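A, B, C, D, E and F label the chains in the order they appear, each numbered from 1.
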Amino acid sequence: MSISIDNSPQRADGRALDQLRDVRITRGWLDHAEGSVLVEFGRTRVLCAASFTEGVPRWKKGSGEGWVTAEYAMLPRATDSRNSRESVKGKIGGRTHEISRLIGRSLRAVVDVSALGENTIVLDCDVLQADGGTRTAAITGAYVALADAIAWGRAHGAITGGAEVLTDSVSAISVGIIDGTPMLDLPYEEDVRAETDMNVVVTGSGAFVEVQGTAEAAPFNRGELDSLLDLAVGGTATLAEIQRAALADAPAGR
Amino acid sequence: MSISIDNSPQRADGRALDQLRDVRITRGWLDHAEGSVLVEFGRTRVLCAASFTEGVPRWKKGSGEGWVTAEYAMLPRATDSRNSRESVKGKIGGRTHEISRLIGRSLRAVVDVSALGENTIVLDCDVLQADGGTRTAAITGAYVALADAIAWGRAHGAITGGAEVLTDSVSAISVGIIDGTPMLDLPYEEDVRAETDMNVVVTGSGAFVEVQGTAEAAPFNRGELDSLLDLAVGGTATLAEIQRAALADAPAGR
Amino acid sequence: MSISIDNSPQRADGRALDQLRDVRITRGWLDHAEGSVLVEFGRTRVLCAASFTEGVPRWKKGSGEGWVTAEYAMLPRATDSRNSRESVKGKIGGRTHEISRLIGRSLRAVVDVSALGENTIVLDCDVLQADGGTRTAAITGAYVALADAIAWGRAHGAITGGAEVLTDSVSAISVGIIDGTPMLDLPYEEDVRAETDMNVVVTGSGAFVEVQGTAEAAPFNRGELDSLLDLAVGGTATLAEIQRAALADAPAGR
Amino acid sequence: MSISIDNSPQRADGRALDQLRDVRITRGWLDHAEGSVLVEFGRTRVLCAASFTEGVPRWKKGSGEGWVTAEYAMLPRATDSRNSRESVKGKIGGRTHEISRLIGRSLRAVVDVSALGENTIVLDCDVLQADGGTRTAAITGAYVALADAIAWGRAHGAITGGAEVLTDSVSAISVGIIDGTPMLDLPYEEDVRAETDMNVVVTGSGAFVEVQGTAEAAPFNRGELDSLLDLAVGGTATLAEIQRAALADAPAGR
Amino acid sequence: MSISIDNSPQRADGRALDQLRDVRITRGWLDHAEGSVLVEFGRTRVLCAASFTEGVPRWKKGSGEGWVTAEYAMLPRATDSRNSRESVKGKIGGRTHEISRLIGRSLRAVVDVSALGENTIVLDCDVLQADGGTRTAAITGAYVALADAIAWGRAHGAITGGAEVLTDSVSAISVGIIDGTPMLDLPYEEDVRAETDMNVVVTGSGAFVEVQGTAEAAPFNRGELDSLLDLAVGGTATLAEIQRAALADAPAGR
Amino acid sequence: MSISIDNSPQRADGRALDQLRDVRITRGWLDHAEGSVLVEFGRTRVLCAASFTEGVPRWKKGSGEGWVTAEYAMLPRATDSRNSRESVKGKIGGRTHEISRLIGRSLRAVVDVSALGENTIVLDCDVLQADGGTRTAAITGAYVALADAIAWGRAHGAITGGAEVLTDSVSAISVGIIDGTPMLDLPYEEDVRAETDMNVVVTGSGAFVEVQGTAEAAPFNRGELDSLLDLAVGGTATLAEIQRAALADAPAGR
């Protein structure tokens, strides 16, 4: 007698539960920026531009340390129906602020600001097209743009000394529970149906930088939390490889 | 033969690692609000006011469902040095937005919006004095103010029908790792020293509503994450008892 | 033969026409501020925090003089129905500006800025609960918080020299004409009914700092103006005594 | 034997202490506005435009009552050195708000809103040149523009019924104490030297609408207050005559 | 045999097709400004104030060059129906920005910034009454105010050296095509009916500074464009004479 | 004897004076938008998204006519050094407003709003990379996205009736005078050196929609103006062909 376990794919796009969407990282997408990446998680498409400038904000001056920060935004027609521009509304929404802060924190977790020296790198992550997972794609792509900008800084003599600026790599992925089943890397149509939604930021060596889980429809228990973390650790390990492969190509940029 | 385990308190204020600060919940602190609570976690002091109004925002009209939302803010001199008012700066900072959204989501997780009917409850959580854990105190106090406002709505005939509006209670606590040691309920001086900082929102029945862990100084591993979650589950269980006790008193309010 | 004068109380709360509400001044309500007072005029409750910082705004630098200013604000649910936050609206209303300026001017009238030296004291007056007379309560409480902050500055060596910084005390009260009868210290329900409404700021020695009378419903004549001024002078004399008594207690604050 | 009393003028511009500057009221200065006045108090020059529109703000709809409001502003180069535009700064200053509110209240004090019917009149008072007393000139001129706009409303059938909309006239003047001497109608150079500064709004029949006295340098006593009020009552009586004379001319406007 | 060509005026106000409205330039309209002009193109009335200050914006410091800029605005009741103030709305509209920039560029085209030295002149052009052509009247009047401010700067020793600051004069006029007929200097009623509308800025020596033609209703061909340019060149030649005549009078200003 | 005329290319990128940069139009670049184009003029890269919605703004309701409008913006790192986001600054700059208005007017010049019916199309033109000519690339690309959105509207039954919505095509190009030589389609490095800069918007049938010429360094004469117009007419004729070719491909979009 045999028991048949249905482990076959059950998602709209035919993916396995623990499978990422097609991930593409295109370096050097912009001519001006010191580092730039067009990152795609399926139909989600984020342009990450790293701007390197010598000097730091006033409150960091004389510290010997650099600064890394990020700004996230979405083009009006990145989504299925058009959203008003935040510049036209005259203020930035809560979600935008929250994600900008998350990206900045995630990148700073793998930066040795002393090794960076008194330089500033700003990561602009502009969502050209949104289909779920924009913040995780942004973190994953921004890391690669950041690496290119740091290489630029070293090549142009703005970063000196032998210490590595990047202490590790970092990537992020979304996981969620839909109809009671934990899944990896949710597109929009799955995201809106998820009972629980979690974004997890993990270093290349597998340590957690951020864990942000939210019960959208129903609180989740410890077992579900553990399953979600397992999926995220697996997904980010794959992303770390993709990042490594992308950076193994010849240096991009100006 | 005996093994000596050092379980003695090692914190500046003499608390055990898994011990909450003194928590006080004072209902009916305001005369006008339909529900109001002054909640104190040690020296952190948050005034939570629940405003009940009949009707819902336009995008909810005709849905038969109610709406619960929250706004968090801090008085200029809640902190050790004065901060500029956000009303004077003309815009709300990212942190403020992020916490307001967290409080709203946490409360909605235990509200049956159909049972609430087309009524709106706004929770204003104003930090009068800040000493770490303001968002967790706000959630914990806001739940009690919300419960009072719902009772007011029922007593005044705005909420009808037999269904319970509150499906559970909800509270929140911060946990963190300091010098490698996981601890519960961090005051400001511990919070700034924490390598990892996590806010956990848990229902009265012990399920997770939000898990927000951030590596401030060093990424954390799975074992550390598990310890933090254990501490948080214990702390919120105690908070749920304190909430129950507070609500067992005679009804407060206008 | 006797003439019967009807001097019996005729107000909703049973007070005599020239009688203040219960006034309470609680010093040291906040742990961080250099001076802080919770002031209550009946149900009106204002938290006054004085922040002392060395140095002055740029336009005062090198003048040898200090600066004292104030900001007034109201929590959303201080009033009977909820008001939108000014930080959310993105601008400060006219009334808020006007009262902030009044409080600042009133306090500066009793400060010798040369004796203060190049130090700045900001008074934050946040109305926790409003029941008429919030600006007069704010001025009355802010004076006490200011005195504590000045004492702090002297104790911590930021204020030097023998000259007194405070040249006098200052307090304020509202008066109004209701149904033709002048009355002292109007709560909200009287305030909305008043034909004429006047706020008067008076020094401890009985001189006027501000007189702001407004005909809400009907212009007032010289005789009525004189009666209102008499009531205000009496009321502020009592407030000055209450301030003196509060400050006679042991020094509060950090 | 004779006693010589020094009653000779002692002011920079040779005026007596109780003498107004040259006051000119030019009606119909604009072609489009339903009422418009260029009012001059010496070199102070304010353009007052009354805009009449049928209908009232939403919160007045169905009340049968009209609404009168005012906005005060200053051109950037009205003053001796240029001020930034409030539209460029993106927010309106406290002083601007305060004066706009004062003008609106002063005019409403002489308007029977029921007789006005559900119509709105907005008074725009733009200071083209400032030399002290801009708010008092604005009130004095705005009253005349208001009267013309009301006449326009009646002539065009928007105001019906026999009741007078204007119950009285209203004008305003500044008074102050300089070197211990009370004086009427202060130009800028006197205003900055005044120990006490008071703006008084008085109806044509001599009753007070607003009394706003401020001790700029030294608190003032009851006797000084009385002298200032006497001067203001005399000055506004003259202004009321000038208004009457201006309105006696043929109707102005479109 | 004769052919009758209808060259008679056909415009509402009886003007010939190539005829300007009555143009008046009144210098010294303000007492404080270093240069000021009330310019009238028919019923269009713009107050141009030139503010001269020593020094330049930070980004020009040490360049040896001066800076000339302009701000355009409209009083709320300059138009037939009232417009909201941009200061109240909290932001400046696109049209306002566009015209401010045009005025600044037009004036800078005739200024030798090296001869000006490190001085700044700001031109405030406030439309008191609008009847078409406000931007062209503003440029024409602002040039005269600018000339007076430069003379003031020279007279007060802020501008030194022998070089002329003004290299030419500059004026502007609108032209348009109505019912297929090109016309000069359109008032509002013609402007709204125009198929094509063009603003042309021309120097005193007849060279173009700006050509801004817009097809409002129907695209225009090369022949029509040429006719419009001919009209504009003729109109600005007349304006240049009027400017010269105005400046030939005795110096105005403070 | 022969005279040698130097007609050989003299531009940094080797182009002839009347030659466009490489122009690429990629339709259907976005999955969500009803029409979308990535347009490239050399290194200038603009993403044009057309959003089709049924219904019109309130002021157009019941008119039977549709509405077409545009918003232009630039990503922070589109340029050589990073610019602050307008959403972060909280206001939109003058240049942004001006270009948005230009794009909207240019497109409306070829739209029959009655044939469009009560539908709204918003064109978002976001500059991903800027190298001169961003507004002309935006107009040229937006026209194609608009055509696709109109086709979408017809295919989905939102546009009915037989009338053509587009009455013509429209494109735009920049021209300028550098070192006395008129040239077509200026990249950034030429644009900053141009004495005169002109943007010309021309229909497919060769009529002018907008002519915006500005003397950046020296006023220009009639002959120069004519040369610039000749170049622009030639360049836009080529652009019109490129647009036609792009639209000849199979329909793009969702």
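Note that a contact is a pair of C-beta atoms (placed from the backbone, for glycine too) under 8 Å apart; a residue touches a chain by one contact, two chains touch by 3 or more.
The shown structure was predicted, so the numbers you read here are calculated from the model rather than taken from an experiment.
Over half of the residue numbers at the chain B-chain C interface are used by both copies of the sequence. More than half of the contact pairs at D-E come back, by residue number, in B-C, the repeat among B-C, A-B or C-D. Separation between the centroids of chain A and chain E, computed from CA atoms only, is 52 Å. Centre-to-centre spacing of chain C and chain F amounts to 61 Å, using the average Cα coordinate of each chain. Of all residues in chain D, those that touch two or more other chains are 90-92.
Because contacts link each chain to exactly two others and close back on themselves, their graph is best described as a ring. Each chain touches its two ring neighbours, and walking from chain D in the direction of chain E yields D, E, F, A, B, C.
In the complex of the two chains, the chain F residues touching chain E come out as 91-95, 97-98, 100-101, 105, 109, 168, 198, 203, 206-215, 219-222, 225, 229.
Residues of chain C that touch chain B in their complex: 30-33, 36, 43, 47, 49, 51, 53, 71, 73, 75-82, 85-92, 96, 122, 124, 126, 128-129, 131.
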